[in-house]
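Dumping the structure here so I can ask a few things about it.
The first chain written gets the first letter, and so on, giving A, B, C and D; residue counts start at 1 in each chain.
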Amino acid sequence: MSKLAMWARLKSPWVLHFNSGACNGCDIEVVALLTPRFDVERFGIKLEPSPRHADVLLVTGSVTQQCAERLKRIYDQMPEPKFVVAIGACACSGGVFKGNYNVLNGVDKVIPVNAYIPGCPPKPEAIIDGVVKLLNSLKPEKPAKKEKKK
Amino acid sequence: MLFDLYFVFRVLVFPGFTFLFFFTMFCDWVERKIEARMQNRMGPTFTGPGGILQPFADVVKLLTKEDIVPGGAKKTIFRIAPIISFSIIVFAISFLPIDGAAIIPNSSFAGDLIFIMALITIANFFLFLSGWASANPYSDIGASRLLTQFLGYDIPLVILALAPAFLAGSLTIASIAASQYLPFIILAPWAFVLFIVTLQAELEKDPFDIPHAESEVVGGLETEFCGGKLAFLRLTRDMQIVFGAALVVELFLGGPYGPVFFGFPAFWYFLWFVLKLLAVVVVTEYLTCLFARLRIDQVLTANWKVLLPLSVLSLTLTVAVATWVYPLVM
Amino acid sequence: MGKKKKSSISPMVKALLSNLFKKPATCQYPFVKAEVPEGFRGKQVYDINLCISCGLCSRDCPASAIEMVEINGKRRPLFHLDQCIFCYQCAESCPRNAIQSTKIFELATTDKSSLVIKPEEKAQKENGEQQ
Amino acid sequence: MSQKETDILSVLQAKFKDTSVQVQPQQLGKVAVIADATTYRDVLKALLEADEKTAVIAITGIDLGATLGVFYHIRTSTAGIITIKVEVPQEEPRLKTISDLMPGAAFDEMEVTDLVGVVFEGHPSPGRLVLPDNWPDGVFPLRKDAKLDNLQFKPTPPSEPASPGNEDIVKIIIGPQHPALLEPEKFALKVEGEIVKDVQPRIGYVHRGIEKAAESRTYLQDVYLVERICGICNACHATCFVEAVEKILETEVPPRAKYIRTILLELNRLHSHLLTLGHAGLEIGFETLFQYFWRDREPIMDITEIISGNRVISSGMTVGGVRRDINEADIPKIKGMLTSLRKRLPFYKKVYEDEPSIKMRMKNVGTLKREDALKLCIVGPTARGSAVDIDVRKDEPYEAYGEIPFKLITYNEGDTWARMNVRMDEVEESINIIEYALDNLPTGPFRVRVPRVVPAGETVNRVEAPRGELFYYLKSNGTAYPERVKVRTPTFANIPAFLATAIGSNIADVPPNFVSLDPCFSCTDR
């Protein structure tokens, strides 16, 4: 993977947000990322309308029965090098709704998940930290590289 | 054998394709930064100094992504339409004199203003084709809205472009730009204002950005595209903005010609051209952030009931003023 | 859409221009530590010496995120942070206040196993960064 | 009992003296009417004539062991909530629909059919509402004997063909994943040219089965579960549930707790209204307005974080008071933020007045006349935009609203523009309420010890959420676990308003009309 392509992929992660049955506490924090106070456009993160354009899929909510199939379809529509971030306790493991009859207890039961952000809801800074950690994990392993955002 | 190296260099490198390619990305960066600052946020900052390489990173990332052609799509048109519309616009820009002379040396012929307008219509038509070729209901709606919008707004655009042509007495852009000892924006300000408004519609900027309105038609005609084709679609849109702004500079702001201080005039002309173009881009961006999006029928009534009569009126006003008032004053 | 006479110019015209030159209202999060108020409900710190392993915390946890596990003879709470909703009901119903709140909110991770906090791992009292 | 209440009761008693209907005042909060399958429609007709603003708040389906209970909760403007209790045999659960008398009740009936299994004959549009399409037939989650582990789900039906028969009717599906919607829900619009002919909503994507889950958790844990029905109006859900439990326990909450609860409720309303006003900007393509509104909303989130420890889900309530006290040191900081927000409001008011493109997109879009709003039992700012002056904070003051002066905002245009202005004025009112509450915050304890076991009883409770009137029905059976928790959220009642105003409107008007409703689908589906 040439250095330029990797640099470009890390510097412009386009994001798609899907709420698979959440109490929209996490969703308003995800949308708050676009607003002046947190402004993720600094990192080149843009909210894209269609799954075709997106690289990172932000999923909130413990997947309900009806949303499971839609979530799978959206994940399949996304072009390769795609990543999934599960935001909030519900997306990580079903959270407070774990065990209910209509809930599949977490996003990783349906699609492979690359990063988990616990919290109910996680602070917008925690979401930024999650995405940054996801992007750092993609970097080719440089042993001596000091983790600059320690 | 010397296959006119200067020609190749001029067309392909300096004011030609490579320069346009990076200049479009620079304009896109300026736009995103201005829009962010107007909305009190920072805009792209961490890719390159001040985020200037952000559009470049976007394009490179898109080129490295997987290219999916949806099943129901019409394969050939789906693949080639974005690239053709991009190349048509680059060809159209190459007629505009950037540093005193057109990019393709001595390529300006009588009436190339109308020829360029026609090229733009064809480029938009190919955009419609790319939307129509992808078998997604949203891109069908986006494509048909694009068709209704730019077909409608081409007519006032051409009529308003005639006003400076009349003042300069010729239809070739080079002579229009050259004969502007006093920029036409002063001679025909009403035509300039209307031209900017029509440009907003032609470039699908905010008051009129129906074809890719997120809340109604998900991605408009770009919904099904990904990877390289999407990069070309985005570049086509940015190139259109540069072309629109360049047209305004040529017709109303006296083209590349401005006071030359010392040394090499072509360099100064080029600098003036870039500065004026950036000014127009900032003005269009300001208008974008100022208004909400209109409904499709409001856009059409605005075009047929308001802009068309106004543009005809402005043409007659320019003719009247040019024949009676200016000879007395000048 | 031409220039019809508006009753008065919309304030947005002036606001946009003034914002162009004002400092943007963005706090540089990753490079500037976000200030978190007192009493923020972040990651919990559990002190094994105060714990009398009564199990009240796991009984009262709404998201059943606390599991009592056998650690050298005694039942200790094991926290599933991916399940936890950080409501701190466990801290309230703990008779010995063995569970305290901290201001750590950066808990994102790429592997899920690091979200399960075993009791003995937190035996030491330091309040620093996780792992 | 106040004079006005008695005349409605006397009307009922007079009318049904001899028949099998018994009217029991002082039951279930206000009045309970025991009726049976034949007489409940006549009771409803009588109530409709007695008072113009009568509306069906909710229909609770409950499994009473031998029979299935269907409780009609009717809101009258003077006598509070009257509940008509009807019982239906388990084997043959059939009732006649009341959606002809009250069109607003159609959605409630579909939900009762889904969850408890009572069939309503003559229902205009029967079908799944909250449960997924592939839910096995015959399994009703809210029945006591429902076996809910290892369900065999039917294969999901293939999605309908793109557009039915004649070519000019195009079917546009605003699908579960759509950039304009924060939450998944599906609206199938049948469009002819640019005019919407028919809207088929399909909700239930966010149905997490909270009412069933509430029965398997203690009251203490239920507060946190109920709070997460909706992330935006979480304080209202917690307060409504906690007040219902306190009504059964008859505990008196200390005044300081009442004031702190009011502050948390109003903070919720502030951040919800500012969120919606911004979202409306996004829907009509006015990104700058969205960015400005959400930038000015951030101080409210900081205040909530200072007071409760989390930006969004405040978790401040508990049975018997509030979990945390507001320490005096923070009050000046909070007041500073509030005044900075108050200074921004005139700017937004002027933008809504003068910005031509906003008026072009919002004026007389989705207009709802006053009679329709009353007939469809619409609540909250959507109703107050059409001159219907209902607000639980004024009609039935709870917490500290009785002692705090504030204005009730109504507009009479009834279109999207009016609803948005109602919300903007309410932001101003909320700031006044919070500042008044902070100024005269009573001293004393903020919490009272409460037993874990709640004696048997049932009660109803109403709270004014940012989107309208939130209704809870709680039944306890003497153990630490509630018997039945019924939640009726404001958006559940307001969806008919969107359906009524969208049909016949331009398709480009659907997003602004939709957002003026301020729909919250995690509330609706529970």
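Here is the rule we go by: a residue touches a chain if its C-beta (ideal position, glycine included) is under 8 Å from a C-beta of that chain, and two chains touch if they have at least 3 such contacts.
Note that this is a predicted model, so its numbers are computed, not measured.
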Pick the pair with more C-beta contacts: A-B or B-D?
A-B
Where the centres are mean C-alpha positions, what is the separation of chain A from chain B, in Å?
36
CA centroid of chain B to CA centroid of chain D, Å:
49
Rounded to the nearest Å, the gap between Cα centres of chain A and chain D is 30
The distance between the C-alpha centres of chain A and chain C, rounded to whole Å, is 18
Two or more partner chains touched - positions in chain B:
36, 38-42, 207, 214, 218, 289-290, 294
Using the touch rule from the top of the page, what residues of chain D touch 2 or more other chains?
179, 224-225, 228, 288-289, 291-292, 295, 310, 313, 355
Taking each residue of chain C in turn, which ones touch at least two of the other chains?
10, 12, 16, 24-26, 62-63, 85-87
What topology does the chain contact graph adopt: line, ring, star, complete, or other?
complete
Show which residues of chain B lie in contact with chain A when the two form their complex.
32, 36, 39-47, 51, 53-54, 56-58, 60-61, 64-68, 138, 214, 218-219, 222-227, 230
In the complex formed with chain A, which residues of chain D make contact?
131-135, 141, 148, 151, 153, 156, 175-177, 179, 182-184, 204-210, 212-213, 224-225, 228-232, 234, 275, 290-291, 294-295, 298, 310-313, 520, 522
Which part of chain C faces chain B closely enough to touch in the complex?
1-3, 10, 12-13, 16-17, 19-20, 22, 24-26
Using the touch definition from the top, list the residues of chain D that touch chain C in their complex.
217-218, 220-222, 224-225, 228, 288-289, 292, 295, 302, 305-306, 309-310, 313, 315, 323-324, 347, 350-351, 354-356
Where on chain B does chain D make contact in their complex?
38-41, 137, 141, 206-207, 209-210, 213-216, 218, 289-298
